[in-house]
Structure formats: structure tokens, C-alpha cells
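Have a look at the structure that comes next, please.
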């Protein structure tokens, strides 16, 4: 994959940061507004895909390290299953933070309300964990497939 | 010959599915909704999250979500393994 | 009958996917067939949750006095969409690998394993 | 916090956590990945045995995720469960034991078998994920959760089958076939989930079983579930993926794949017995399953005789042996609505079929491992190129003889025990079926005599002069399975009475299955 024209690269430079910020916004507000870890992670990964098609696989690999993303992926999943393990005093996946008064532990106003960030118990934590996992997993998949395509093409020419 | 067998199998399967769609309950008018009513009424007080879908995804059906994240992880690991460079 | 049209639309998706799988010979087209079936099944699931005139099941600034659609199918569809992404990515990678080794995507020429 | 209540989830969560950590640890130390995997799987094997003892003495266990207490299936004022739960009865734990033993010995075997390959951290991670997927498929009481873990198992299996696809084309090809087959079957399962959900607004197996009416839609759901699960189990009209996947995967993975297809077989029995039970037309559905079995037995063995590739030959035998399970359990299903026939021979036939599941996992696993050992030392899978290996690979030869005798149903081994149960009970149902089963058994014996002759007997070939016995970890893995085979062969009554009979009764007695969740036993 070669890099695309200057117009595309300039527009990418302008917007990819905003896409990533929007993705993290969706991840963090998953328990209040439409969205959540998967959707936000997919949005961030779409920014990676944008970088990839406008700059080409080889240039993007300098910016996004595959190793870093793999570590982030395992870390996100470990955090997710770790949060589930913490509920093991009662049951696996027990929401031990909800309505407890500590982190994310405020009781929600029942019925229609403007939303309070500090609610949801373990749900925001799991959203963050899954968000990290999805963005890194999709990023790794896109990067590896793109560089693999380059790899297969070279083999074909030689 | 193979195409004829495939064609017959396809037609049988497709009519099977169409029959299921026609017999399905009316679109937009669920008959039973006990489980979902419970979620809509109690999700806010039990989990504290405003978004009922998220509270189902991460609380009531959290194990599904773990499985789904695992599928994505498995696919990523599998793709890295498939495109690994060094072969001894 | 006409009230069930959304289900039939989903079924047509699935049928197209099965047709592609059965009669097409290109590995990428087979992958597309699998994706079509996925989309059809996801569409079928999500239509099950709809209630006429209802709003999304989210309490943040929801319109007052409205009933809400069933939330479970949305959660199930979310799960199955992510699984679909993973399946598609793996299937395409394997197709790339086959192309690397055989230099073709035609199933008739790829088949080394038979009998 | 009392950990003994949490055993069902720990069996799954420990390998899952290990699977997430293995890629991280693989960056620091490559050797540690295999050891960590073996450790995690041995913990889950021990926990499975503890849970099995508990279930067989106390009764079925439920584990509700995220509830106030692990056994709280119905929160106050509800008629049906709302959370995901594990529901493990004697049948579920029977399959769980198979999975635990097979995956543990697979991991031990892999320690040296896979040593020369690169990307081992990914390999072990995927192996753990495959195990987790199988365990969850067998333990879960939620139909959507079943779909999710079916996908976990199939994606991990595909990645493992095409693990050698970097160098070779054939593994990638086999992986592609398996991927397409398993995604179609998973999606059809999902469609059936949608049908059940749309009708009853329920996702729990037991809750659906208590309300299922066998309406037109339920018939369609059954018509979708039975063929796709039979396809995943490798029954004959849909068997095209089986020989490719089994023969192209690394040997320990072929062994685990056998157990993975049996998890689908278990799901098929679960659907027909626990979900529908006598609401369906048992005679018709039973005969459909019997016909699957007959076709699998006969076509599997005839295709096996003409093979030259040793793993492909064994893969066709795996199809053929799956037919016995279909036959035994199918006869049980056909007479399910008839209490007299059920108690006379139906239960015995089912005992034979269910016992054969475990026996088959053990001896087919052992045979795949010996084939892997031959491949490890000689570098070929072609029977015509092998010969005289009995001189240099003594242990492997002994293990192969044990496995071959067991699969052919010779008396002191476990295959004989389960096959005898099937023959004598099926004979009372329909003599012709029993005769076909015996003929297939004889053909199996003939085929394995041929393999033994061409691979092990004869003079020592010059190109294999350097060949020596395989490393210790591979011998140990094969020894574990051989010991189980011999033990089962010597004391079949003990196993049938304590392990197989409760499993069969758990399938037949639907009210117990629903009662565990909904109360009212």
C-alpha cells in the first residue's frame, strides 16, 4: 500500500486526533449514552485504519507499534477478567461497586435524568477495559493484515 | 449434477426460512416480554447505569461479553500467528 | 404477511449468503457470503426487539411517557456483530494466506486436499 | 468467601486468565508459556474431578453469574431466570472430564512436539482458548452463551488448524473449510436462538424446555439445530471438513478437535433430550439420528481403508466411530416415548453411545498422538514411506497397539465394552443395525492391521536408521491416555454404573433438568 495524495494526508492529520478523542468519549460515557467499550474501541480503530490507508502500512508501523498494541490487548482483557474476579466474594461478574458509595458507586436517579458520570459500579471500568482491548485488537488485526498484504505482494513479484 | 443437488438443497432451506419468517409473531408487537420488562424496570436501581443495553451487556449478561472479547482476542492472536515472519 | 416484511428482508439476506456459498468459486466471494448471512441473522435478531412507537432503552434525557424497545436483542446483536468482525478478519487472513501459497483464489485450483 | 461454591467458574476462568497472560509472558520467557499452560490446565483438571465427585454425590450444580449468591436462579417474584448461568449435571460433567483430560494431555504432549515451531506463545494461548470454549459449551445453561462459546472454540480451532499455514498451503486450506463450516453452523444456531427468543422471550435452556410447545417454529428451530450440530460433529453427509482439519492440524490439536466435535455432539443430545424431550416426534427424529450414524459408520470406514496418509486415515475412522455414538443415542431417542422399550434396551443403548464418546476421545486421541510421534521422528505422514519403526520406537509401538485394539473393539480394552453395549441393545431394536455395526468394527480392525503392518513391521529401513524414541513429555502424554484406556477396559462396570448411567439419566429425565433451575423437584 503506497501513501495517498497530499490532500488526503492533510485531512487525515486534521481529523484523526478528533476521531480518537470521540472514541474515548464514547467509551467513557458508555453507561450513560448510546455506545460503550466495543463501539468506542471500534471508532478509535477506525482512526488507525484511516492512518493506514492514507500513509501506507510501512509508515504507519513506525507510529503504531504492533508490540505495544498486543500488550495493551492482553492488558485490557486481564483488567476485564480481573474486575470480574473481584466480584468473586459473591459471584463471578457480581457488580460489587454499584450503589456502594465509592468509585462509580452513586445510586442513579430512577427514571429520566441528565445522567451522572459517577454511577454504574463496575460497568465503566469494564467499558474502559473492553475499549482498550477492542481498539488494540482491531488495530493489530488491521495492521497485521495490511503488512501481510505487502508481504504477499512482494513474494508474488519476485 | 452437483449443481442440481445444491439447488434443491438451497430451495428447501430457503423455503424453510421463509416459512419461519411468515409464522413469526407480528413485527413490533412482542407477546411475552417478562425478561425485558424486568431489565427496563430494575436495571437502573440494580446497576446504577442509565443505559439499559450497557447494563445488560456488562452486568446481566457479562459472561457473554467476556466470551465476545475472547473471540476478538482469539482472532487477533490467530491472525498474528498466521502472519508470523520467522519460521524455523 | 406484509407486517412481517422485516423478517422476510432478513431471510432474503441469509438466502443470498447461502446462495453465494453454494454456487460461487472465489474465496473472497465465499467470505462475502458468510458476511451476508451474518448481517441477515443480526437483522433478524434486532427486528425481534422492536415495539411500535417505542424509544431507545436509555434513561439519559429520554422523551417522557414513552415505552422502551426490548433491550436484550440489542445486547445480543452487539455481541454477534463483534463476533462477526472477528470471523471475517480471520477468514480473510486465511484467504490471503492461501493466495500467497497457491497464487489463486479459485476453489477448483486450490483443492489439494481431497479423497 | 467459600471457594468450593465457585469451582464451576474457576474451571473456566483460570485457563482463560492464563490465555490472556501467555502472550505477555511469552515476551519475557518463551519456555515459560508451555509450563504455564500445562499448570493452568492441570488446575482445571483437578477442579473438574472435584466437581465431578460433588455432582455425582450431591446432584446437579448451578452457578449464576453476577447474582446475589451462586445458586440464586430466580430473583424474587420472577418465573424465569434472567441471568446467564452454568448448569452442570452428570452429562455435562461427563463431557467436562473428557475435555479436561484431553486438553491436559495435549498440552503435555505439545511441550516437546511443538518445540521447533515459532510463535509458541500464540499457540498455547489458542490452545487454552479452545479448551475454555469447549468447557463453556458443555457447562452453559444459556442458549446464547452456547453460541458465543461455540464461536470461541471454532475460531481458536481454526487458528490452530492453520497454524502451520505460514509454510504450507494445505493447513490454510483446511482452516478455511473449517472456518466456513463453523461460521455457518454458529449462525444457524444464532438464528434458532432468535426464533426461541421471539416466541418465548427466554434464553435459558431449562426455561425454554419448560414452555416449548413443538409449534411450527419450534420444528424449524429443531430442523436448523440438528443438521448444523451434526455437521460440527462430523456426521457423514456434511463431513467434508473433518478429514482435512484433523489431518492438517498439529497432532495434539487433532486430538483436542475430536473432543471439540464431541462438544457439538453433546449439544445435539442436549437439544433433542433436554430441550424437546418427548414433545417431539421421537421415533422420526431418532431415526434421522440413526441414519446419520449408519451413514457415518459405513462411509467413514470405507473411505478410511483406501487412505495412504496416516492422519487422514485416522480422521475417517473418527467419522466412523462418531456413527456409533449417533447409533446408540439415536436408538435411545427413538424409544424415548415408550417406557417399556426404554427400560428394556433404550437405556443400555444410550449407555453404550455415551460411554463410546469417552472411549473414543481417549483412544482416538492416543492414535493421533502416535501418528504425531511417527511424524515427529520420520517427518512423513505417508504410510507407504514408513516401515520397520517397531525396532526403534518401542513405546510408540506399544501405545499404537493399545489404541488400535481399543478402536477395533478387541476384548480387554475399552472400545469393546461400549461396542458390546451398543450391539446387544441395538440388536433388540433392529437386528440389521447391529449387524452393520459389527461389520464396520471388523473393517476397522482390518484397516488398523494394515497400518500396523506398513508402519511398524518389516525390516529396519535405511533412511530411518537415525530414528529413536520420542522425548519424555510425549511418552507421558500417551501413557496417561493408555492407562485410562486399560483401566476402562478392565473395569467397565464400575465406570458405566458410576459415571455413564447418571449421565444417561440426566439426559432422559427432563424434569430434573428444568427443575434444577426453575425449582419444584
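We just call them A, B, C and D in the order they show up, numbering each chain from 1.
As a working rule, a residue touches a chain if its C-beta (ideal position, glycine included) is under 8 Å from a C-beta of that chain, and two chains touch if they have at least 3 such contacts.
Quantities reported herein were computed from a predicted structural model and do not represent experimental measurements.
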item: B-D or A-D, whichever has more C-beta pairs in contact; value: B-D
item: Between subunit A and subunit C, centroid-to-centroid distance (C-alpha), Å; value: 22
item: Distance between chain centroids, defined by C-alpha means - subunit A, subunit D (Å); value: 36
item: Cα-centroid distance, subunit A relative to subunit B, in whole angstrom; value: 21
item: Multi-partner residues of subunit D (at least 2 other chains); value: 16, 20, 23, 65-66, 144, 148, 151, 155, 158-159, 162, 165-166, 172, 191, 198, 201, 203
item: Junction residues of subunit A - those touching two or more other chains; value: 32-34, 36, 38, 70, 74, 77, 81, 84, 92-93, 95, 108, 111, 113, 115, 134, 138, 141, 144-145, 148, 151
item: Subunit C residues counted as touching two or more neighbouring chains; value: 14, 48, 58-60, 70, 72, 76, 78-79, 82-83, 85-87, 89-90, 93-94, 97
item: Category of the chain touch graph - line, ring, star, complete, other; value: complete
item: Residue ranges of subunit B touching subunit C (in the complex, touch as defined); value: 3, 6, 9-10, 13-14, 17-18, 20-22, 24, 26-30, 33, 35-36, 39-40, 43-44, 50-53, 56-57, 61, 64-65, 67-69, 71-72, 74-76, 78-79, 82-83
item: Residue numbers on subunit C that touch subunit B, as the complex places them; value: 1, 3-8, 10-11, 14-15, 18-19, 22-23, 47-52, 57-60, 68, 70-72, 74-76, 78-79, 82-83, 85-87, 89-90, 93-94, 97
item: For the subunit D and subunit B complex, residues of the former touching the latter; value: 16, 19-20, 23, 65-66, 78-80, 82-84, 116-119, 122-123, 125-126, 129, 132, 136, 144-145, 148-149, 151-152, 155-156, 158-160, 162-163, 165-167, 172, 191, 195, 198-203, 215-217, 220, 223-224
item: Footprint of subunit C on subunit D - complex, ascending; value: 144, 147-148, 151, 155, 158-159, 162, 165-166, 168-170, 172-176, 179-180, 183-184, 186-187, 190-191, 193-194, 197-198, 201, 203, 243-244, 247-248, 303, 306-307
item: Parts of subunit C lying in touch with subunit D, wherever the complex brings them together; value: 14, 21, 27, 30, 34, 37-38, 41, 44-45, 48, 70, 72-73, 76, 79-80, 83, 86-87, 90-91, 94-95, 97-98, 101-102, 110-113, 115
